[in-house]
Amino acid sequence: MYSFANDYSEGACLQIMEELIKVNFQQSAGYGLDEYCLKAEEMIREEIGQPQADVHFITGGTPCNVLAISAILKPYEAVISADTGHINTHETGAVEATGHKILTAPNDDGKLRPEDIRRICDAHTDEHMVKPAMVFVSDSTEIGTIYTKAELKAIREICDEYGLMLYLDGARLGCALTANNNDLTLKDIAEMADMFYIGGTKNGALLGEAMVIVNDSLKENFRFYIKQRCSMLAKGRIVGVSFCTFFNNGLYYKLAKHANRMANALAYVFRKHGIKLYGNSTTNQIFPILENSLIEELRKDYVFLDWGAYDDNHTIVRFVTSWNTPVKEIIGFYDYFNKLMENRTK
Amino acid sequence: MYSFANDYSEGACLQIMEELIKVNFQQSAGYGLDEYCLKAEEMIREEIGQPQADVHFITGGTPCNVLAISAILKPYEAVISADTGHINTHETGAVEATGHKILTAPNDDGKLRPEDIRRICDAHTDEHMVKPAMVFVSDSTEIGTIYTKAELKAIREICDEYGLMLYLDGARLGCALTANNNDLTLKDIAEMADMFYIGGTKNGALLGEAMVIVNDSLKENFRFYIKQRCSMLAKGRIVGVSFCTFFNNGLYYKLAKHANRMANALAYVFRKHGIKLYGNSTTNQIFPILENSLIEELRKDYVFLDWGAYDDNHTIVRFVTSWNTPVKEIIGFYDYFNKLMENRTK
Amino acid sequence: MYSFANDYSEGACLQIMEELIKVNFQQSAGYGLDEYCLKAEEMIREEIGQPQADVHFITGGTPCNVLAISAILKPYEAVISADTGHINTHETGAVEATGHKILTAPNDDGKLRPEDIRRICDAHTDEHMVKPAMVFVSDSTEIGTIYTKAELKAIREICDEYGLMLYLDGARLGCALTANNNDLTLKDIAEMADMFYIGGTKNGALLGEAMVIVNDSLKENFRFYIKQRCSMLAKGRIVGVSFCTFFNNGLYYKLAKHANRMANALAYVFRKHGIKLYGNSTTNQIFPILENSLIEELRKDYVFLDWGAYDDNHTIVRFVTSWNTPVKEIIGFYDYFNKLMENRTK
Amino acid sequence: MYSFANDYSEGACLQIMEELIKVNFQQSAGYGLDEYCLKAEEMIREEIGQPQADVHFITGGTPCNVLAISAILKPYEAVISADTGHINTHETGAVEATGHKILTAPNDDGKLRPEDIRRICDAHTDEHMVKPAMVFVSDSTEIGTIYTKAELKAIREICDEYGLMLYLDGARLGCALTANNNDLTLKDIAEMADMFYIGGTKNGALLGEAMVIVNDSLKENFRFYIKQRCSMLAKGRIVGVSFCTFFNNGLYYKLAKHANRMANALAYVFRKHGIKLYGNSTTNQIFPILENSLIEELRKDYVFLDWGAYDDNHTIVRFVTSWNTPVKEIIGFYDYFNKLMENRTK
C-alpha cells in the first residue's frame, strides 16, 4: 500500500547514501567541526550570496525552531506566528518549554501578514505583557502555500519598523523555491531574514537541516545553544556530507522540483473530478476536500492523513509527495482514482 | 483627582491595619508557619466547608496562577483558558516561563465554555501536540462578568470527562460572590475546583492571596513550589493576619459588597445618559463605551484606564471601584457627569 | 520562650509602621510606580552616590537573586558562587528553575575568592560546558562574615579580567556595613558591583528589598523580569514607604547596628565560657559550637537553629539577633547562661 | 595522522551501513514508529530480559540524559551525580536548562558511592532546599572505570531506602559490559535501574541511543518528552535499523570488545615504559599521565585530548579507541612509541 503520508518515509536519496559510504571509514572531527561540514557551510554561503553568514547543521526542524527562538529572544520576549504555524501546533510546546510565548494570528492560507504583526505589536504596550521581538514564518507553509517576494518584503519592512527579528522555517524550502508560482530565491531570503534554515530531512537527507545566521548580532556562541538544546550530533559529518551533496549541481532543487511535480500531478487528478483543494498549494503537500465515504474507500489502498473536518460530509485530507515519489505511483493513482470515481457515480 | 484606575490604589482596610499593629512586635515563626497563618488556614477551611483542604498564603495573583499551573502540569501538558484570561494577556508570559503552553478560546464575555474545552481537547490527539490537562477560569472575569453555578458545574463536568484539573483565579472572588446576580458560594467553588485562590490584594489586604488546594493529589510538597517560584514571604504572618481579619464576621464579603455597590452606582450614572457598558459587569469593574471626545474631558478630572478601541469614535474604558471607594466620590461623580453631559448637549 | 531563630520574627520597625499608617488611605499608582517608591529610589541613588542608577523594589531576597541572575545571563551562561551561597543551598533550586547552572567553590568562611573565580573560568573552555558570566557574593555571608574593601576590589578586578558581571546579595547588607571590622560603604559597593540589593526584610521592613542596577547595560526592561518572575507587588508602595523611612536620618544603619551589638554581646557570653564561634562573625548571626547535651538544655528555654554537625559531640548552632532584639533579652540570656554553665560544671 | 581523540570519528560499522542501504528506499512510518524500530525494541526487551520494558530511540546521549531527568523529576526535585558526571560537566547546562539542580559528590574514580547519596539526602531536609529524587550514574564512567555488580546493587539499595529513582547513562555501556573486570550484564542493569540507555553512537551506529524504561511509573507519555525536547527523528528508522543490527548475533558486544582490546594494548604500551594511567580504566578510554615535553612530541604524530593538569611537569591525556580502531594502528603506535622513548632516554 503506497503512502502519501509524508516526505520522510524513506531513507536518503541515492547520491547522499553514496557519499556517506564513500567517507564512512575516514576519521574526522566530531560535533560538526569536520571537513565535510566546513565545506558544506562554504557551499551554502556561496549559494545564498552571504560570505559572512554562519551556517550550523542541526538534527531536525523542531530543534532549529527552538534554537532560533531561544537564541533570539530574551526571557520576557515573544515570537509572532500564524496560529497554524508548526511551532504553535506540532512541536509539543517545545518553544514554551524554553520559556517563550507565541503570539498568534488567525489566517486562511497558512501565512502571516504585516497587519497581523502590527496589530499584535500595538497591543503589547508595557511590562505586564510579553514584548514581541521576532516573527516566525515558514516557506512553504503548513498548508503548502508559499510567500511571494513582495509579501516577504512587506514582512521585513514591518519587522524593521518595530525592531523585530525575522526568522524563516525552511523545512520544505526546496519545494517552496521550486514551485511554479515562486519568485523568491535563496539569496532573496538570505537578504530578508535574520536567521533561517534550509530543510534537509524532507528533501532527501537521512536527517539534518542547515541553519543560516545572517544577522551578525545573532552569531555569537550559537554552538552553546545547539549543545544545550540537545541538537548537536557527535557525527555531525552525516549532515555535512548531505548538504555538500545537495548543493553540488543543484541536486537540492532537483529533488524538490520532482516532489512538486508529483504533487501537481496528484492535484490534477483530484481537480479533474471536481474536487477542490484546500489552500491551492503549489508545492509537495496538497489538501483535497473529500467526501467522507470516499475517504473510507481510498484508505483501503493508500495512506494519507486527515487534516481536519471541512463540513459534516467532507474532510480535508493531506497527500504528500517527495523527492522519491515514483512517477509510476502517480500514474497508478490516476488510473485507480478514475476507476474509483467512475464506480461511485454509477 | 480621584482615581478609578484600580482596586489596589490604597493600603489595607482599617481592620487589617489594626491587627497588623496589634501583633507587630510579637515573635512568630517565619515563612507562613506562624500562628496567624495557621489560624487563618483553619478559618478558611471552615468557610469553604473543606476540613481536609490545604491553604497557603501567597504574595500575589500572578504568583498564584504560576504556582498552580506549574504544580499541576507535567512538562508537556497545557492549560486551557479564555484568550482574555489574565494568564494569557497580563502576566508577561509568566506561565510560559515555567514551560507551559496556554491553549485559548475566543469569547465575548470573558468566560470559557464547555464546548471550547471539548474542541481544544479533541484537537490535541498525539505526542506532536501538547496535552491539555487543566482548565483556568477566573471569577469575576477580566471584564467583571461572573460564572453562574450552572456554568461552573458544566465546566467541572467536562473536566471530569476529559480528565482535566479545574483551577479558579479568584483575584476578585469577593466581588464575584457578592454580585447581585451571583448564585455561587465559596463552598460551591471548593466543591467544584481542584485548586483556587481567594484574592486578598484587591479586596483590602496590604498584599496576599489564599491558595486553596482541595484535590488531595495536588497537595504534596506544594511549599517547595512556593519557595522555588519566589512567592514565599519571610514574614508570611502579614497575609495570615489579613485573612484572619477577612473571615472574622464576614468582613471579606462586606468589603467586596461595598465595591460592587459603588460600581453599580457608577454604572447607573453612565446608563442614565444612554451610555452602554461593555460586558454588563455586575461587579466592581465596569466598562463604559465612551465617545473619544468625552474621554478627553473626563481625563481632566478622573483617572481610569483605556481598555480598547470600540469603533472609530468610541473607546471602551475601565472604571474600577474598591472596598475603599467613598460614597461621596460616587455622588461627586454623579453631579459632575450630569453637568458634563449637559454641557456637551448644548 | 525567646527566639534567636532569625531576624524576621516580628513585623516592621515602629517608624515604618507609622509611615504606612500615615499614607494608608491615600491613593497612589500601582506596581511600584507610586510617589513613595519614586522618592525612595531617589534617596537610594543619593545614598549610594550613583545618580544614574536604576532602583526597583522587590518582594524578597530569593526573588532578587533570581531576577538578577536571569536578567544578566544568557541561557547557556552560568553564575559563580561560594558553595555555601544562598542561591546554591537555600532557594529550592530557584536559579536552576530559570535554566542556569551555579558553578561553586568550596570555602571555610562563606566567601568567594579571586582564585576560585579564575580556576572556574579557566576550566570552562568550549561549547560543551556552560560559560561563566557572572559572580555572586553576599555581604554579610551565610555565616555572618563580611568582605573587606580589598577583597571585594580583588573580585571586581578578576571580573573585569574575565568579562564577568558582579552581583552582590545584600539581604543583610545593613549588618555588614555596620560591623566593627567593616571598611566598605554603600558607595564602595555601588562602584564595584554591577547590580546589588539592599535588604529590607531582615532589617525591619514588613517585606521588600531595593534592587540597584548600576551597570547601564543591565537596566533595559528590568520591570518585565520583575513581573514575569512573580516579584512585582500591586501595592509596591509598601516597600517604597519602607525605604523612604530607612534612609531618613540613617535609620537603616541604626537598626542594623543594634542587631550587631546584640550579637556581639551574645558572642561575648559564649566566649566567656570558652565556647568557640564558627566563622567568628562580627554581624548579627553567630555560630557557637556547642556540646550536644548543652544544646538540649538550651532548647528548653530558647529557640535557635542547628547549623551542622561539628564533631561527634558538638554541633554548630545559629543565634540571630535583629533590629528588634531587646537589650533585656540579652541581659537575661547572660544571666541564664552563666547559671546554666555553672550548674553543668558542678 | 591517526586520531585517538574519540570513538565517534568515523561513520557507522559496515553491518549497519549495509542494512541502512538495504532498506533505504522502502517506505515506513515516521518518528520511530516504523517496523525496524518496533523490531529493535522487541530485540532489546529480549536481550535485557524485561518483556514489559518500554524502549525508545533517541538522537544522542545528552538528549537521553535530559529526557530521563526531566521526565523523572518534578520541578523542585534534583538529581544526584558524581561531580565528574557528564551531566555536570559536558552538557552545557542542559539539565539545568530544564529547571533542575544537580547535586554532586567529589570522587577520584568517576563513581558515585552510597555514602555520597546518603549524605546528600540527609542534608536536604525541607522546602528551602531542592529535594533529591534520582541518582545518575554512568557505566563506563567519564574516566573509563566501571561499576561492579556489588557497587551497583548497593546504590540500588540506598535508592530504595530514600525513594530515589536510579538512572544509568550507558553512552559506553558496551565497553563497560565487555571489560575484563566486568561482572554486570544488561539483564542485571535492567533489574537494578529504573531507566537507562544503551549507547549506539560511540559503539558504531551513525547516531542514536536506545532508552529503556523499566519502571512502569515512568513510561506514560514519554514520547511527548522526546518530541518536546528536540530528540525525535522524523526518520527514526535509522536508529531502529542500527539496533536491530547491533543485537543480531551479539554484534554490539563484539564491537565494544574490540575497542577495549585496542585500549588494553595501548595501556600495555604506556605501562611498559613506566607510565601510569590515571584511573586504571579497563575500557576504551585510557588516561596516561605524560610528561609535558613528551606530549608535545606525540602531538606531532597523533591526535588525543588533554584531560587535565597532573602536576607542574605532567598532564593527564586521554586516548580513546573504538569499534573501528585498526590493529595495525596499535602495532604502529607500539613501534613508534618504543622508538620515541628510546630517543628520549638517549
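Remarks
Just so it is clear, A, B, C and D label the chains in written order, and each chain counts residues from 1 on its own.
What we mean here is this: contacts are C-beta pairs under 8 Å (C-beta built on N, C-alpha and C of every residue); 3 or more make two chains touch, one makes a residue touch a chain.
On a predicted model such as this, the values are computed, not experimentally measured, just so you know.
Here A-D and C-D are compared, and the pair linked by more C-beta contacts is A-D. Comparing the centres of all chains, each the average of its CA atoms, the largest separation from chain C belongs to A.
One inter-chain figure worth recording: chain B and chain D are separated by 51 Å, centre to centre, where each centre is the mean of the chain's CA atoms.
Averaging Cα coordinates per chain places chain C and chain D 42 Å apart.
Each chain gets one centre point, the mean of its Cα atoms, and the points for chain A and chain D are 34 Å apart.
Within chain A, residues 75-76, 91-93, 97-99, 127-128, 130, 224, 227-228 each touch two or more of the remaining chains.
Those residues of chain B that touch chain C in the complex are listed here as 2-3, 5-6, 8-12, 17, 20-21, 23-30, 59-63, 66, 91-94, 97-98, 201-202, 206-207, 224, 227-235, 237-238, 324.
Within the complex formed with chain A, the chain B residues making contact are 75-76, 78, 89-93, 96-102, 127-130.
Across the complex, chain C meets chain A through its residues 31, 70-71, 74-76, 98-99, 127-128, 130-131, 221, 223-228.
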